[in-house]
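What follows is a pair of complexes built around subunit A, which joins subunit B in one and subunit C in the other.
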Partner chain A sequence: MMVREALNSALDEEMSADPKVLLMGEEVGEYQGAYKISKGLLEKYGPERVLDTPITEAGFTGIGVGAAFYGLKPIVEFMTFNFSMQAIDHIINSAAKTSYMSAGQISVPIVFRGPNGAAAGVGAQHSQCYASWYASCPGLKVLAPYSSEDARGLLKAAIRDPDPVVFLENELLYGESFPVSAEVLDSSFCLPIGKAKIEREGKDVTITAFSKMVGYALKAAEILAKDGISAEIINLRSIRPLDRPAINASVRKTNRLVTVEEGFPQHGVGAEICASIIEDSFGYLDAPVERITGADVPMPYAANLERMALPQVDDIVRAARRACYRSVPMAAAQSY
Partner chain B sequence: MGKRTGCSKGKGGSMHMFNTAKNFFGGHGIVGAQVPIGTGIAFAEQYKKSKGVVFTCLGDGAMNQGQVYESFNMASLWKLPVVYVVENNEYAMGTSVPRSSSVVELCKRGEGCGVPGRQVDGMDVFAVVGAADDAAKLCRNGNGPILLEMKTYRFRGHSMSDPAKYRTRQEVDEVRETVNEAVEFAQNSPEPDVDELYTDVYK
Partner chain C sequence: MMKTVSTITINLLCQALDFPGGKVAYISEMRFISESNDKRIPCYRLLDDNGELIEDSDIDQISKEVAVKMYSEMVTLQMMDTIFYEAQRQGRISFYVTSVGEEATNIASAAALAADDVVLPQYREPGVLLWRGFTLEEFANQCFGNKADYGKGRQMPIHYGSKKLNYFTVSSPIATQLPQAVGAAYSLKMDKKDACVVTYIGDGGTSEGDFHAALNFAAVMEAPVIFICRNNGWAISTHITEQFRSDGIAVKGQAYGIQSIRVDGNDALAVYRTIRAAREIAISEQRPILVEALTYRVGHHSTSDDSTKYRPADEIEYWKMARNPVNRFRKWVERNGWWSEKEESELRSSIRKQLLQAIQVAEKTEKPALGNLFSDVYDLPPSNLREQEKQLRETINRHPQDYPSDVPM
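Entry: the complex of A and B
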C-alpha cells in the first residue's frame, strides 16, 4: 500500500466513523488534494465536511482551533509545514496552551497535518523541517510516520486524540509502497502515540531516525552488516512524547548512539535525544554520541548542493563506523 | 491573581478566563487571535445546525491585525453566524486610532471582505442592546457576519467616580461593594497547589 493511500484511507475511515471530523485546507476538496491525499473525500462527504479554504493560514487555522474549542474535530491541512509559520501563533498559543490555561475546561482535539522537510529542488523556503520546533512545546503531540502502517495507525490515533497533534508527513514518501498486514488494513487499526518501533534489531550501535531518514538508516544498516556491524534501527514515530524508555533500553544494549534527522543541527531532535541518553544512560556509553543532521544552511536549490545539505546513507554509515571506532575522523557535513 | 479558587485554578491569568458552561470562551492574550477563534466557534454552530450566534469582541487596536480580515473573508464566504463587536475607545494602549489606522471609520473596514458594518453609540445601553439584537437576528437567519462598531470613550483616572448619565450614585456604590467583596475573597484565597504545575497539559 502506498503511503498516500494509507493516509487517504485513514482520513476516510475516521470521517466515516465520526461526523464531527472534518478536513480543511487549500485544494483539499475540488482539486482532490495538492498531493492527492484527500482524493475522493469531497465527493463522499460533501463541502460542509471537506472545505476548500482561501490562502489564509492564520485565519483558517484559528477558525479550526475555534471549532475544536466548540467540540468539532477538525483536520487542518498545510500544503507544506513551511506555511504553518503563518499560523504558528494559533498552533502554539491558541491550541497547545488552552487546556492548561483553562485548567482542563477546554480541550482542543485538532490535527495539523501536511508534508514536512525537504522535497526535491524546492528551495530554502519550502524545505524546512519543523519537528524540533513543535516538539519543544508542551501541550502539543508531534508525530512523524515513515511507512504505510505508520501513516494509517498514527493518523487515526491523531484524529481520535483529544489534544492538538502536529502530524508531519513527507512528500517524497507519499509515493512509496510498503507491505501491510490485514490487521493494519482493518478500520479499527490504531498505533499508540509515544511509542517508537524497532525497525531492525541489532547489538553494536543504536541509530534513531524518523520519517524519510528511517529508510536511509535501514539502507545504512545493510551496508554496515557487510562490515560485521549490527545496527539497531529505531523509528521514532513520535517526536513528542519521545519514547525515551525505548531509546535508552536500546543504547544500554548497544552502548553506542547515532541520531539522524533532516532538520537543522542546532536545537534539533538529535540534540534532545543525545542529552536524554547522557542524562539517563551515561554509564552505558562506550563512545561519544553523535547527531547526523541537515547542514547548517538554508536549503540550496541546486541539486548537487541540496544533496550535500541533507544526510545521505553514506553519512549514516560513516557515523556508525566512527561510533564503533572504525576510522573516518571527519563528519561529512560541516557547520560554521 | 493566580489563586486556586479562580476559574482556571490560577493557571490562566487575567487574560485567560473561561466558563464553557456559560458559553464564554475566554479572553485571549494575543491581540486579534480571538477573531479567527470566535469565527471558528460560529463555524461549529453552523456545522451543528444549532441556530446559535457568536459575539466576538475586539478593540480598535486589534482591527489592524491581518487575521481579522482573513476571518471576515471566510465568515462572509461561508455565511457564518458571527457578530464582530469592535469596542472603539479611540486608543490602543498609547496609540490613537488616527495614528495607527489609515481608515478610521472602523465600521466600514469589513466591507472590503463582505462584512457590512454599523456604528453604534457604545455609551448608550439601549442602543447597544438594540443593535446586538438586530445583528443576532440577521445572523441567525443565515445572512452572514455583521460588524458593530461601538463608539466608546476611555475615561481618565477612576472611571467609577465619573458621573455617567445611565447610572445612579447608589448603583455605583452597590457595584463597588460587590466588587470589593469579590476582591477580598480573591485576595484571601490560597495559591494553587504546587502539584497543579504539571496537570492539564494534555487532556
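Entry: the complex of A and C
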C-alpha cells in the first residue's frame, strides 16, 4: 500500500467513524489535496466537513483551533510545514498551551498535518524540517511516520487523541509502497503514540532515525552487514514523547549510537537523544554518540548541492563505522 | 471630456462585464474611489450625555429588573477595578488591567446575550463574566493565583476563564481569539444551535493579520459570530490616528461582505439594543456581524503603564467625569424612578465590603498544590512528567529546608 493511500484511508475511516472530525486546508477539497492525500473526501463527506480555505495559514489554523476549543476535531493541513510558521502562534500559544492555561477546562483535540522536511529541488523555504521545533514544546505531541503501517496507525491515533498533535509527513514518501498486513488494513487499527519500532534488530550499533531517513538507515544496515557490523535500526515514530526506554534499552545492548535526521544540526532531535542517553545510559557507551544531520545551511536548490546538504546512505555507514571502530574520542584525535 | 449624467447612465445600463465574481458595469470615465466618505459612519445612540432619551419612538423599553441589574453591575465593575488596581499598587497582586470608561460596553453587551452564547474575550471584558455570575471571590482567586482559582494558578492576573459560563480563558496574544471565534461559530453552526459566538477586540487588535483572516473567513463560511470592537482610542500609547487611516473599524465590514454598525459604546441602552439586534441577525441569518463601540480607555493600559506620559491628564479627566458611562446610565435609571441616592450608597458600601473581604480571603488562601505544576499539559500525564514529579517530591522530602514553605504538597 502506498503511503498516500494509507493516509487517505486513515482520514476516510476516522471521518466516517466520528462526525466531529473535519479536514481543512488549502486545496484539500476540489483539488483533492495538493498531494492528493484527501482524494475523494470532499465528494464523500461534503463541503461542511472538507473545507477549502482561503490562503491564510494564520487564519485557518486559528479557526481550526477555535473549532477544537468548542467541540469539533479538526485536521488542519499545511501544504508544507514550512508554511506552518505563519500560524505557529496558534499552534504553540493557543493549541499547545491552552489545556494547561485553562487548567483543563478547554481541550484541543486537533491534528496539524502535512509534508515536512526536504522534497527534491524545492529550495530553502520549502525544505526545512520542523521536528525539533515542535517537539521542544510541552503540550504538543509530535509524530513522524515512515511506512504505510506507520502512516495509517499513527494518523488514526493522532485523530483520536484528545491532545494537539503535529503529524509530520514526507512528500517523497507519499509515492512509496510498503507491504501491509490484514491487521493494518482493519479500520480499528491504531498505533500507540510514544512507542518507537525496531525495524531491524542488531547487536553492534544502534541507529535511530525517523521519516525518510529510516529507509536510508535500513539501506545502510544492509551495507554494514556485509562488513560484519550488525546495526539495530530504530524507527522513532514519535518525536514527542520520545521513546527513551526503547532507545536506552537498545544502546545498553549495542553500546554504540548513531542518530540520523534531515534537519539542521543545532538543537536537533539527535542532540536530544544524545543528551538522554548520556543521562540514562552513560556507563554503557563504548564510543561517543555520532550525529548525522542535514548541513547547517539553508537548503540550496542545485541538485548536486542539495545532495551534499542532506544525509546520504554513505554518511550513515561511515558514522556507524566510526562508532564501531573508534574508541578514542574525536576531540583527542583532533590536531588544533 | 465630461460626459453628461444621462450618457453615463445609459453606458452603465447597457454594458455590463462578466468576470469571475459576477457582472460589473463599466465606466469610461476614470474615477478613483475616495479613501474616505464625505461623512463618517454615524454613531447610534439613544441617551444623550445627560442620560436623557433622545427619541423614544423606536425603543422597546427594557425592564426595571434588567436596567437595575445593568446599572448595579456597571458600578460593581467600576469598583472592582478601583480596588484591584489599588491592590496591585500595594504589591498584593502582581498585575491588573482595568476597564474604566468601558463599563457600558462590557455590561450592556453581556446583558444582550444569552447564557448559551459563547464568548471569546480579548482581556478588557471582565464585565461579561461579572454579568454571567462570576463572583468577586472568583475574580480575586484568579488574581492571587491561589488553589481556588479555576485556572490553578497557571496564568497572570485577569486571565479569567469559565467553562460553566461559556467564557473562554483569556489568552494574551492579540487577536488570536478572532479566527478561533469563527471556528467555534462553525462548530455551533454544524450543531444547529440557537446560539452565536461573540468575540471582543480593541482598536489596536484590528491591525493584526488575524483580524483580516477572521472577518474574511466568517463571511465566506457564513458563521454566526458577532465581532465587537471596543474602539477606545488607544493601544497602549498608540493613538488610533497612528493605528489606521480608515474611518474607524465599522467601515471595514463592507470590505469583507459583513454588515456593520457603529454605536456609542458609552451609552448602555444603545449598546444593549445593538447587540440584541446583532444577535438576532447572526443566529437567524447565520452570518457574521461587526459592531464598533466607540468609547474611551480612561485607565492606563495596565498596571505596567503610566498613560500620563503620552496623553494629557486633562483629556483623561474629561472622559472620566464628563463622559462617564456609569453616571450617564444612572441618570436615566433614576429618572425612571428605579434608583435613588440611598440605593446608590447602599450598593457601593456593600460592594466595597465584599471586595475588600474577597481580597483578604484570596490573599490568605493557600497556593495551588505541587501536583498542579505537572497536570493538564496533556489529557493524560506523560511518563516523563510523572517521573519528574516523583523525583521532585523525593528531593523535597530529603531537603525540605531548601524549598518554599508555601507550596502545598
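Note that in this section the second predicted complex is superposed on the first by the 325 of 336 C-alpha atoms of A that agree within 3 Å, B and C clash if a C-alpha of one lies under 4 Å from a C-alpha of the other, contacts with A are read in each partner's own complex, and residues count from 1 in each chain.
We take it that a contact is a pair of C-beta atoms (placed from the backbone, for glycine too) under 8 Å apart; a residue touches a chain by one contact, two chains touch by 3 or more.
Remember, predicted model here, so these are calculated numbers, not experimental data.
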{"item": "Side-by-side fit of subunit B and subunit C on subunit A, or clash", "value": "clash"}
{"item": "Which of subunit B and subunit C A:194 touches, first, second, both or neither", "value": "second"}
{"item": "Partner chain in contact with A:93 - subunit B first, subunit C second, else both or neither", "value": "both"}
{"item": "Which superposed partner A:228 touches (first subunit B, second subunit C, both, neither)", "value": "neither"}
{"item": "Partner chain(s) touched by A:179 [first = subunit B, second = subunit C, both, neither]", "value": "neither"}
{"item": "Which of subunit B and subunit C A:106 touches, first, second, both or neither", "value": "both"}
{"item": "First, second, both or neither for A:283, with subunit B first and subunit C second", "value": "neither"}
{"item": "Superposition clash, subunit C against subunit B - the stretch among 20-28, 56-64, 218-226 or 398-406 that is involved", "value": "218-226"}
{"item": "Those residues of subunit A which subunit B touches in one complex and subunit C touches in the other", "value": "48, 53-54, 56, 58-72, 89-90, 93-94, 99-107, 138-139, 141, 162-163"}
{"item": "Residue ranges of subunit A touching subunit B (in the complex, touch as defined)", "value": "22, 48, 53-54, 56, 58-72, 89-90, 93-94, 99-107, 109, 138-139, 141, 162-163"}
{"item": "Contact set on subunit A toward subunit C in their complex", "value": "48, 51, 53-54, 56, 58-72, 74, 89-90, 93-94, 98-107, 138-139, 141, 161-163, 194, 241, 244"}
{"item": "In the complex with subunit A, residue positions of subunit C that touch it", "value": "118, 120, 149-152, 154-155, 159, 161-163, 168-169, 171-173, 176-188, 190-191, 197, 209-210, 212-214, 216-217, 220-221, 372, 375-379, 382-384"}
{"item": "Touch list for subunit B against partner subunit A, complex", "value": "7-9, 11-13, 16, 18-20, 25-26, 28-30, 33, 35-45, 47-48, 66-67, 69-71, 73-74, 77, 196, 199-203"}
